[in-house]
Amino acid sequence: MRPSKRANDELRAVSLERGVSLHAEGSCLVKFGNTHVLCMASLEERVPPFLKNSGKGWVTAEYGMLPRATGDRMRREASSGKQSGRTQEIQRLIGRSMRAVVDLEALGERQITIDCDVIQADGGTRTAGITGAFVALNDCLAWMEGRGMVTRSKVLKDHIAAISCGIYKGEPVLDLDYLEDSAADTDANFVMTGRGGIVEIQGTAEKEPFSEAELASLLALAKGGIGTLVELQRQAIA
Amino acid sequence: MRPSKRANDELRAVSLERGVSLHAEGSCLVKFGNTHVLCMASLEERVPPFLKNSGKGWVTAEYGMLPRATGDRMRREASSGKQSGRTQEIQRLIGRSMRAVVDLEALGERQITIDCDVIQADGGTRTAGITGAFVALNDCLAWMEGRGMVTRSKVLKDHIAAISCGIYKGEPVLDLDYLEDSAADTDANFVMTGRGGIVEIQGTAEKEPFSEAELASLLALAKGGIGTLVELQRQAIA
Amino acid sequence: MRPSKRANDELRAVSLERGVSLHAEGSCLVKFGNTHVLCMASLEERVPPFLKNSGKGWVTAEYGMLPRATGDRMRREASSGKQSGRTQEIQRLIGRSMRAVVDLEALGERQITIDCDVIQADGGTRTAGITGAFVALNDCLAWMEGRGMVTRSKVLKDHIAAISCGIYKGEPVLDLDYLEDSAADTDANFVMTGRGGIVEIQGTAEKEPFSEAELASLLALAKGGIGTLVELQRQAIA
Amino acid sequence: MRPSKRANDELRAVSLERGVSLHAEGSCLVKFGNTHVLCMASLEERVPPFLKNSGKGWVTAEYGMLPRATGDRMRREASSGKQSGRTQEIQRLIGRSMRAVVDLEALGERQITIDCDVIQADGGTRTAGITGAFVALNDCLAWMEGRGMVTRSKVLKDHIAAISCGIYKGEPVLDLDYLEDSAADTDANFVMTGRGGIVEIQGTAEKEPFSEAELASLLALAKGGIGTLVELQRQAIA
Amino acid sequence: MRPSKRANDELRAVSLERGVSLHAEGSCLVKFGNTHVLCMASLEERVPPFLKNSGKGWVTAEYGMLPRATGDRMRREASSGKQSGRTQEIQRLIGRSMRAVVDLEALGERQITIDCDVIQADGGTRTAGITGAFVALNDCLAWMEGRGMVTRSKVLKDHIAAISCGIYKGEPVLDLDYLEDSAADTDANFVMTGRGGIVEIQGTAEKEPFSEAELASLLALAKGGIGTLVELQRQAIA
Amino acid sequence: MRPSKRANDELRAVSLERGVSLHAEGSCLVKFGNTHVLCMASLEERVPPFLKNSGKGWVTAEYGMLPRATGDRMRREASSGKQSGRTQEIQRLIGRSMRAVVDLEALGERQITIDCDVIQADGGTRTAGITGAFVALNDCLAWMEGRGMVTRSKVLKDHIAAISCGIYKGEPVLDLDYLEDSAADTDANFVMTGRGGIVEIQGTAEKEPFSEAELASLLALAKGGIGTLVELQRQAIA
């Protein structure tokens, strides 16, 4: 039995609230249960040096947590003077995930930065972040389309969403919350497109190594969960 | 005429929403119009080195802005590797303001850190932050009182709130929003207690020096505004 | 009775020694009693990015303390790798104060940086710094006038000086030294022009909140003190 | 046809040279073709703060590249003042991989740090690093066993090795070199134990998303490659 | 002919002014012509970790330059966030030089830090710094002797002073000023004791390599110069 | 008797292995006994700002040690976020030494960076580094000559090599290893050209000051040692 009483293949309550920022070109407050991430997409008319005069644009992401998003207060990264390895790993993952569904030539020589800031954490902040970042990105492109800058459907090739799975007390479960995450034997994050292609898979044995069969069962759970998330994205941006 | 059509002595719509964090011992989402600041109070059983074995506690604050809280995206301080002078000035001010109404001996040898994170900015983030931080601090002390750690009324000597005033197009106005703030001749922030004592006053001539008479008119406006804010705090924590 | 036996409205012995640097375009060693600050103005033919091609110049300031300027040796900021919040607050204040009396268009597209380095500290380093920085700035402009770069009287609109006041043992006193500063109930810094306009006011209740009447008495003291300082500046640059 | 003419399931020439350091308790120079990584295990009689008085030890890793290990010289991280996100990701992965086969209680309250420094890079530095780090770790434990500190076979639960796979020109291939790595559609790293358990799997779609079937084919290749690597480790430490 | 008209073996005007700091246990403003360095010795009742419980003390130094000590303003190291390689080289040299004449056991388990801050630079700041630091160190020890903490004559084994020499326009000259220093073929700094022992010699060919004979001539000049400096130290501390 | 049984004027076994890097334009693994330094020369088509459009090139060096190059593991500088003063001192010395034998105009407006990374340390890493860096530099210039970019013999004016000497147990000895270095009274490093010119001399009294006679004996030893090193360089690059 999961601490949250959920079925093994059951997502937490998911919501995707758009337009939550007065300033950002696209924004989304995504909630996976008690995990709340604010995603804001910012358009800038510049690209990284390696893309200057290439005709191509760039999509990147930054990730942060409010110091008390977690059970114990963590040190503010701005105050400690550097981003942790974990923070950097996650923001690189979010950026790669977004770029997997973006046609950078169709975007044109400009950059979209998606800030994913965790307001409250209860496990799965990176998967919630990716799922919400897609909505913010979509809305930023819609904003640009409204100004004749791009054709959104040409820039965005597919949906992208992410979910975690794990082996918890010997059973594969979907969408781990913090209690499950800290006790799981294996923890895996999947990033997949609307058409079911795999964009990123990161599986880690926290205690005992896992088998091929376990990997297959986690992947099956993830496919189901991501299918639901993509449907929720569709409804949100309709 | 103010851009927002407000009367010269009119505050923006102010709200103080308590209990917005699953984890923090006290929390408050404060809104002064479009300025939204999330205030979270965290209790820790340790004090800064200079207070070790003194029997006294400490209250401090940290301040941050989400990168796209503003009209243009600002660089993330965690990524640039240091907090700006402005950030440090503000968080020092918030900490001093809280300590002005706290009896550090009655608190006992423990530390409360109040994180004020600006979710959305439209002028007056430091004054909104102070006003909301008081509510978060109060709730943290209530949480402690519920566990027999302190007597809240002994620790908290009074209310504390803050408001900005300025000379805008030649007239003294209360609670400047961003449009007014960027055009004002003079900008002043006042921090005052529930009983009307002045805790902090910071007035700056942005364009022309100001006179004693102007200072007096700003102070009069501030007293009115802070009276209202304190009343709203009373209702919120009732 | 003040520790220094001064009357409540009495400044410490103030001196403004010009031309103390072989290299700087303008320089002044200012002494407020035992507080000694070396102010050097440096002219550079460049402006910050936000002023490029604007036709306007910039005046800015940096502040530092020698590690043993104080009673106990403080850690060298160059060694610790960052400037404290206090340092940043003060250098921002000095820069704003100078700009309040400078016509940036008349200066033309160039930058003057005023370094205020505290050689010895005994309270009031920021107010001494501002008072001396004006003299260094004036001499830098005179140096430029001598080379046909500017008309000094067009760039410099007025004098600017600063003084601290405080409530010490229940009485308002002028120009606090370190002993008074550490024991004062309220500490306020005033920056004013030669014509008596207020440019900056920063008042902080160190112990008990202060009243409007107390603020008024401090302002009255400050006006007197700044009048004297401006007269000393006039004599020094005559 | 692969640029190196290798069969799709063919590793590069692999060598594991032990005892290459005069000072380190265990060391190994691992070569996967032109990728050369120096692995040195250092024993220290201390543990991270969270393990103090727990009776448990810790194994961690650090990773670096010489500036000219690569085709173009990269900036020295010691000079730029921070480790890149990529560096941090890799060293966290190496540390987790080692800990997956170590009984931290049997190690006792001490720390082994494994430095993996890339002398020359041609793709696969992290997988070579993990494979060599195991040998260095083993030798460090043998050194400790020789001094009666631990029983090596109780601390080390299994072998651990790693290999990369990818979809290159439409075909799954094993152990990508730099030319393949930069052109691959999909890049995946596998960390597995001697008994075939999966410890870590990281797959990324560099261009097009990949399918379940492709993931399965990569996993099959990896199992074969890691089987060979583990056998080479066995011969090396025999 | 030297730019300053000095004879080849002639020092600049040297002065050693003691007691220039209200706070420091020992202090000296040293001038070698237009090079002015403020040396302040601070006593602290602690030692570096490697000396804890050793019964031995430590003497160390820090070095800094005011930003406009030089002809062009240099960036403030506290603001750039790190000390340059040059700064570190010099402060390590000053510390080693002082320790060469101190009996660390006779000092007892405490630390003296000597801050050498360059107020104005015209070549030879490190040699002036060492020469002045000795006087500050001596006065700090006298201060301690006055409180019964040490016997100064047991701690201080000899005088220590330093001077630069160089090959300027083909001729060996003593005590280079900035004009000479920037044009010299060879630049050498000598640190010697009162009894004529060599403590440090650093010679660098700026343009052409130098010969043994040239080295000998520079050493001869240095001996003469340091003899004079030691005599001036003797008079100063008498 | 020296710990290594060497005669007082005997070098350790020296080897200079060229072409050890797949990527670098020039490379050399230099060994002075158990001290092993990897030297890689990298050509870049850019120069530091102060040489832009000057027609002159630049040669610079960086130095690093693998964390476990030493008997006890040292903290990785990339992880601590800054290079130590010692590291900076050494890399500045190596760069100056190379430039002493390079005609920067004949090099043309490009930069060669020589990375000297200590793989294993047993005293004398800087002198081994300089001796090996020369070989890497030579090979980089040969690589350039092969592409018609420079005439190597015009760029390289002479050989350059370095050696340490010291007073160990009262006797002058050549090429100190770690055991001797830590016990020596005096430690001196000499950098000299193939024609015997002195480029750099750095002598430090670690315990007692040294005399002119001792300096002369160290210089004599160094001349002999550097003569041998230059001959080994000649054989290596022949």
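Residue numbering begins at 1 within each chain, and the chains themselves are lettered A, B, C, D, E and F in the order written.
Operating definition for what follows: a residue touches a chain if its C-beta (ideal position, glycine included) is under 8 Å from a C-beta of that chain, and two chains touch if they have at least 3 such contacts.
According to UniProt, the chain labels map to these proteins: A, B, C, D, E, F = Ribonuclease PH.
Worth saying up front: this structure is predicted, and the values here are computed from it rather than measured.
S.K.: Trace the shortest sequence of touching chains from chain A to chain C and report its length in steps.
M.R.: Minimum step count, chain A to chain C: 2.
S.K.: Which chains contact both chain B and chain F?
M.R.: none
S.K.: To test your reading of the model: what rotation angle superimposes chain A on chain D by C-alpha positions, in degrees to the nearest 5?
M.R.: So the angle, rounded to a multiple of 5, is 180 degrees.
S.K.: Hey, how far is the Cα centre of chain C from the one of chain D, in Å?
M.R.: The answer is 59 Å.
S.K.: Taking each chain's centre as its mean C-alpha position, how far apart are chain B and chain E in Å?
M.R.: The answer is 50 Å.
S.K.: Quick check: how many Å separate the C-alpha centres of chain A and chain B?
M.R.: 33
S.K.: Among the residues of chain F, pick out those that touch two or more other chains and give their numbers.
M.R.: Expected reply: 81-82.
S.K.: Can you list the ring's chains in order, from chain B toward chain C?
M.R.: Traversing the ring with chain B first and chain C second gives B, C, E, F, D, A.
S.K.: Enumerate the contact residues on chain D facing chain A in the complex.
M.R.: 82, 84-85, 88-89, 91-92, 96, 100, 188, 192-193, 195, 197-205, 208-212, 215, 219
S.K.: Can you list the chain C residues touching chain E in their complex?
M.R.: My answer: residues 21-24, 27, 34, 38, 40, 42, 44, 62, 64, 66-71, 73, 76-79, 81-83, 87, 113, 115, 117, 119-120, 122.
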